[in-house]
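Here it is, the structure, as structure tokens.
Chain naming follows the written order as A, B, C, D and E, and within any one chain the residues start at number 1.
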Amino acid sequence: MLAIKSLSRSFGGVAAVDNVSFDVQSGHVHSVIGPNGAGKTTLFNLISGVYEPSSGEVLLDNTPINGLPPEELARRGMCRTFQNLQICMNMTACENVMLGAHLHANTGLWSGFLGLTRTADRKLEARAYELMDYVGVESARHAHATQLSFGVLKRLEIARALAANPRLLLLDEPAAGLNDSETHAVGELIRKIAAGGTTVLLVEHDMKMVMAISDHIVVMDQGKKLAEGTAQQVRANPAVVAAYLGVDA
Amino acid sequence: MFNRTTYKKMSDLPQFLFSGLTTGAVYALAALGFSLIYNASGVINFAQGDFLMLSAMVTATLLTKGMALSGSIAIGIAVTVLVGVLLYRLAIQPAGNADVVTLIIITIGASIFIQGVVQVTLGKNQQVLPPWTGDAPLQILGAYVLPQALWVLGTAAVLVAGCAIFFKGTLTGKAMLAVAANRMAAMAVGIPAKRVLQLSFGLSALLGAVAGVVSAPITTTVYDIGLMLGMKGFVAATLGGLGSGVGAVVGGLLVGILEALVAGYISSAYKDAVPFVLIILLLLVMPHGLFGSRKTDRV
Amino acid sequence: MSSATVLKVTGLTSGYGRIEALRGVDLELKAGQLVALVGANGAGKTTLLRTLSGLITARSGTVELLGQDITRLAAETRVRRGLAQVLEGRQVFGPLSVIDNLRLGGYTHKPDPDRIEEMFNLFPILRTKKDQAAWQLSGGQQQMLAMGRALMSRPKVLLLDEPSMGLAPLLVKEVFEVIKRLKDSGVPILLVEQNARAALAIADHGYVLETGRIALSGPASELAADERVRSAYLGI
Amino acid sequence: ADGPIKIGAIVSATGPASFLGDPQQKTLEQYVAKINTEGGVLGRKLSLVLYDDASDANKANAFARRLIIQDEVDIILGASSTGSTMAMVPQIDAAKIPNISLAAASVIVEPVKPFVFKMPHSDRMAAYKVLEDMKKRGFTQVALLSDTGGFGKSGRTETLKAAEALGMKIVEDQTYGEKDTDMTPQLTRAKSSPAQAILLFGTGQAPAIIARNYQQLAIKQPLYTTHGQASLEFVRIAGKASEGIRMPSPALLIAKALPANDPQRKVSVDYATSYETKFKSDVSTFGGYAHDALYLAVDAIKRAGGTDKAKVRAAIEATKGFVGVSGIYTMTPQDHMGLDNSAFRMVEIVNGAFKEVR
Amino acid sequence: MNQRLPLILTALALIALPFALPNNFMLDIAIRIGLAAIAVIGLNLLMGFAGQISIGHAAFVAIGAYGSAIVATRFGWPPLLSIPVSAVGAAIVAWLIAKPILRLKGHSLTMATLGLGVIVNIVLINEVDWTGGPDGMPVPPLAFGSFALVKLGHWYILVAALLFVAIVLSLNLFGSPAGRALRGLHGSEYAARVVGVDVSAFKVRVFIASAVFATVSGSLTGHYLAFISPSIASFAHSVELATMVVLGGMSSTFGAVLGAALLTMLPQLVGGLHGYEAIVFGLVLMLTMMFMPKGLVPSIALRLKKNKGK
């Protein structure tokens, strides 16, 4: 459903993403791995409209989406989480998740002023609680965002993205800050999301999780695509082992 | 309307430029103070203009009491720096981790308070300081320039250079930037955040104080002049790019020159409005001002 | 290795506003030791480290550093006495350059160009980016910078809050090696890690924190073998 | 039997117009106390309720209401500026309470509002006085510099009209803001223009700066200002730069130089001395307006035999030959200012003092 | 969260207030507070909800006041018509400038709004033929057909009713999806955008909405005072409005009302302290913000909760 075609982006002469191409199959979990500074987050930023590419193209359902702003991409079914948390610290945890459902709610200013959305809102709230339970932060139900620990916020972001009901979900290091048990749970969660028909594009350094849940893996190094394939193929690739995994991964 | 456009001589240009430069230099010094506190705390200090007023008012009052000019100036500056430090110690620091807007409102309160105290103790009369080196105007490129204007320009240049060295070349200067960027991390590496902030308030009060005494022989001073100077200083600082020393100076000079040229060539009635229109337009093209740094976060 | 206690925490409580995040924590770090602290999200690990370094003030209890009570000291004094911390979530000084970030790491000490050079050798990527603003670095690069910044002060006691977060596997290994080396060179370390397995593997001693209390403690190897720890934190 | 007579006052004691309001406040406080120690009025004490509108017209409006409803005063003096006065007028009209304004513009009393009176010479009179003096000296081309505040703005309008009426030409028409600190661009244009004289119409702090700018630019055309500068304070700030400047002024400024038989001499000298002794600062005509307003009110109340508002109003309107420091007032139903041009003297600053030009 | 209770209490308070006030002067103050509060509630939508700081908002109050006055006096339209006309006019002005201006962030935006205020102020001062210049202009009374609103009691009823409506609208918006979108873009623009919030459209909309609140407040203020002058558009007035928002508590609707109340009353309370007004005023402002940094309403709410907890 997503096609990346010779995508490049440089910052002050340094090519953060350098002529990268690959396709993402719908309903798959597709991972992007690579050393620090390889260009993974930049790639996400290019796909999700945060940056504009220097050259190349991104196609969503065969239509180019270059230069479209994030909100337009959201309307087309894309949503993402961030490596550097983007939680609205002026709202409660639950409101953050409800914000995720923006496109599925009546967001007119008039309706807001006149209070026409009350009943619909109660449903949204119920759904938000459901999602918070789902990602394992039920304890944060009545908390304000400022009162939460890093790991909880991390998962709250996933809940918010899920609330958007995306067809394509981009997750940037969702397991960072989670322990092995929690990482395992998030891995299962991602599989469940994919099974529900949402395509997942994942950046993650936890190889155990990546290898366990990915249908397809792209390896990046210094902005370039280094390799691509299934978990086995990638793991067997000596270049990948040298640049990223290390011998005993 | 008759006559609006009748006598616009190109030969007046040097005069307009010099006039603009002089007012601009005062704005620049006010802007520099803004940038300094902003650099350390992210706060727009609405009392910045009052620092300029305070030093000049104190100095003028001491002069009328018969004290020598140099002594009066020294005390005027010292009092102002003390007030700057106290502003931090008594009003900003106790507010703790309050939002920046909250701190800004505190500075508004401080500005009103300072004006109130000055008005009660030093009076509401307009005051003027004697020029430092005579008041016979010099003729430069056909323009009449007061010797004091050269003092203003020179002082501005020195202070700007000083600020640049402070931020670029000293660890304390960098620590100040670090405190603004991330207070917690700054404390974690052992930067005494409170002392650094206090220093920033003291320094910007010093900048304001010097600006006040050097410009008062030209602009005169009065207890409520701070609002106007503060506003112009803020405009200049934003135009140049808040937080940038060079920006503050260029912004200040630009605002001053724009005002003079608009008054001289276009319309003195709209002399304050035209620069604002231009500045807003410029910001639309360069949202962070002329020398401002771009965003500093990534996602 | 039984030697002097460098960090001794007794009955420590602390929190935010109405929230009490630590409720009477006792903990000890001995000279030359590496102590691992594990716990679920929200257990209070970060709060504990911040309280130790003075970023949050303790509500009750005491903290002793090298035999002296530091419970009420300002953060900068603690740094001057040899405590250094790698903060959770990197927290670099975004607008400042990489090299300035490192310089500020040594703020309480004399300027030390050699030390900067050592940090560059430790994390070579930082050298290539030394004049770039820190916010421009990738997540993992910032993490390295945070680590380097903390080491600049040649700390006598090191508090690490998830130092491997966001690092690529090769670098995780490397960072753990750095930690081990530091420990071997005699720097006592209190390590908070989500990667509990790796942490316990190199630690001498371990504590498990649950909702603000120490739930378990013991030699690291014993903890790693503990059934409850294995199921709750090691994902087994 | 009756309680005190309540005098309400609104002045701009702070803010940009404080140079007007501050001496007015001082004057009112000093003279109310003085009248009371002398036994009050009609056997009743005066009680002054004074508010500072901080040079904000909206505040003046609010305080007017407060004086009327809450303090229930018998008469209102003020406000200091035309804007504040005009903001109070609707309240005055509605409450039918006599009011004596301390502001200048003609609009305050034109058209005549039954309850509103004012003390200062109008901007129109100033414009004529100055232009006539210029004309006498043979100047017909004038550069006008006015501030964008109420006084300067209406002064500009009046000057343009007066120039036309007198067959003179305004060849340069510049403005400046009340809080500006540099007017050299405007003056440079005036200098380069064919103007033979410059008229500065404004009040506040800027004129002193303008005088200094004028000196800096070595301008040859003579500089005129208005009664907005009629105070030694102006001379003090402008310093040497004020030498030779001409302006129309009430007699107060030259009180001591007035001939002994001048009816205004005694009252002016008395006011000037007592103000200067008490406050250790130069007397100003602005405070003088407050002095006159207070005594005019007292005079009217005496003649009305009480504080009945309609009667007091009628009494003020019937004022005849009231000698104040600002002039000799004779009100009529058509004229609620009561001054003519003879009360205005053209003065020039010579050696740091005001000298009457004859 | 129960929304009804505070509303019912507000309604009761608004109804009871005139009976509790000792005299007409207090009633006058209450009316002024109500008028200011309407504008501040609107500004709070922009500043508190959406986090877009404006120190030029008095421009819209002025556009409302002058718009309504000019339409009523120069064109002779009935005030009942001139108020909506100037509101629409202000909305159009807001719409025209919102898009470019709101692309700016942080202090650049603050500066642009400041400029807007200054420009409007200068235009009002200079276009004497329309506005009466710095001396201001009279405004005809608000009339409904032959019934002119002059009695304070009537004004109170009108203003209290409108204030109540404004409070209801603002509270409704707070908890609605649109309100969350606004607060969300305040919290993190990226976060809001990736879930589909058209940030610039929302900023424009809330800018217009807050301009309309300000305009309505301004129009009514003009009619109420019967006179307006350019000081209504002054920088000081803009700062005062922004201060009211922060003082009451950013994003708190009741805070906006309380902020307006405090800053409207304070000058009256200290009005008798000749010369010392500014000192007291400045001190009160500083101390309130120092000890209630989140603003009056949130800080008081927090304190109440704490006591309940004990």
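In the analysis below, contacts are C-beta pairs under 8 Å (C-beta built on N, C-alpha and C of every residue); 3 or more make two chains touch, one makes a residue touch a chain.
To keep track of the chains, here are their UniProt names: A, C = Branched-chain amino acid transport system ATP-binding protein; B, E = Branched-chain amino acid transport system permease protein.
Note that the structure is a prediction, hence the values are computed from the model and not measured.
Summarising the inter-chain layout, the chain whose CA centre lies farthest from the centre of chain B is A.
Using CA-based centroids throughout, the chain positioned farthest away from chain E is C. In whole angstrom, the spacing between the mean C-alpha positions of chain A and chain E is 41.
With centres taken as mean Cα positions, chain B sits 46 Å from chain A.
One simple way to say how far apart two chains are is to compare their mean CA positions; for chain A and chain C this gives 29 Å. Computed from the mean C-alpha positions, the centre of chain A lies at a distance of 72 Å from the centre of chain D.
Residue positions of chain A touching 2 or more other chains: 41, 50, 82-84, 86.
Shared contact sites, meaning residues of chain E that touch two or more other chains, fall at 122, 126, 190, 236, 275, 277-278. Annotation for chain C: residues touching 2 or more other chains are 136. Within the complex formed with chain B, the residues of chain C that make contact are 53-55, 74-76, 78-80, 84-85, 87, 91-96, 100, 103-105, 107-108, 111, 133, 135-136, 149-150, 152-153. Every residue of chain B that touches chain A in the complex is listed here, in rising order: 297-299.
For chain E in complex with chain D, the touching residues are 23-25, 28-29, 32, 122, 125-126, 128, 133-136, 138, 150, 225-229, 231-232, 234, 236, 267-268, 271-272, 274-275, 277-278. Within the complex, the chain E residues that touch chain B are 53, 100-101, 103-105, 107-108, 110-112, 114-116, 118-119, 122-123, 126, 190, 235-236, 239, 243, 246-247, 250, 275-286, 289-290, 293-295.
Per the touch definition, chain C reaches chain A in the complex via residues 16, 19, 38, 40-43, 46, 88-89, 125, 136-141, 143-144, 162, 165-173, 194-197, 231-236.
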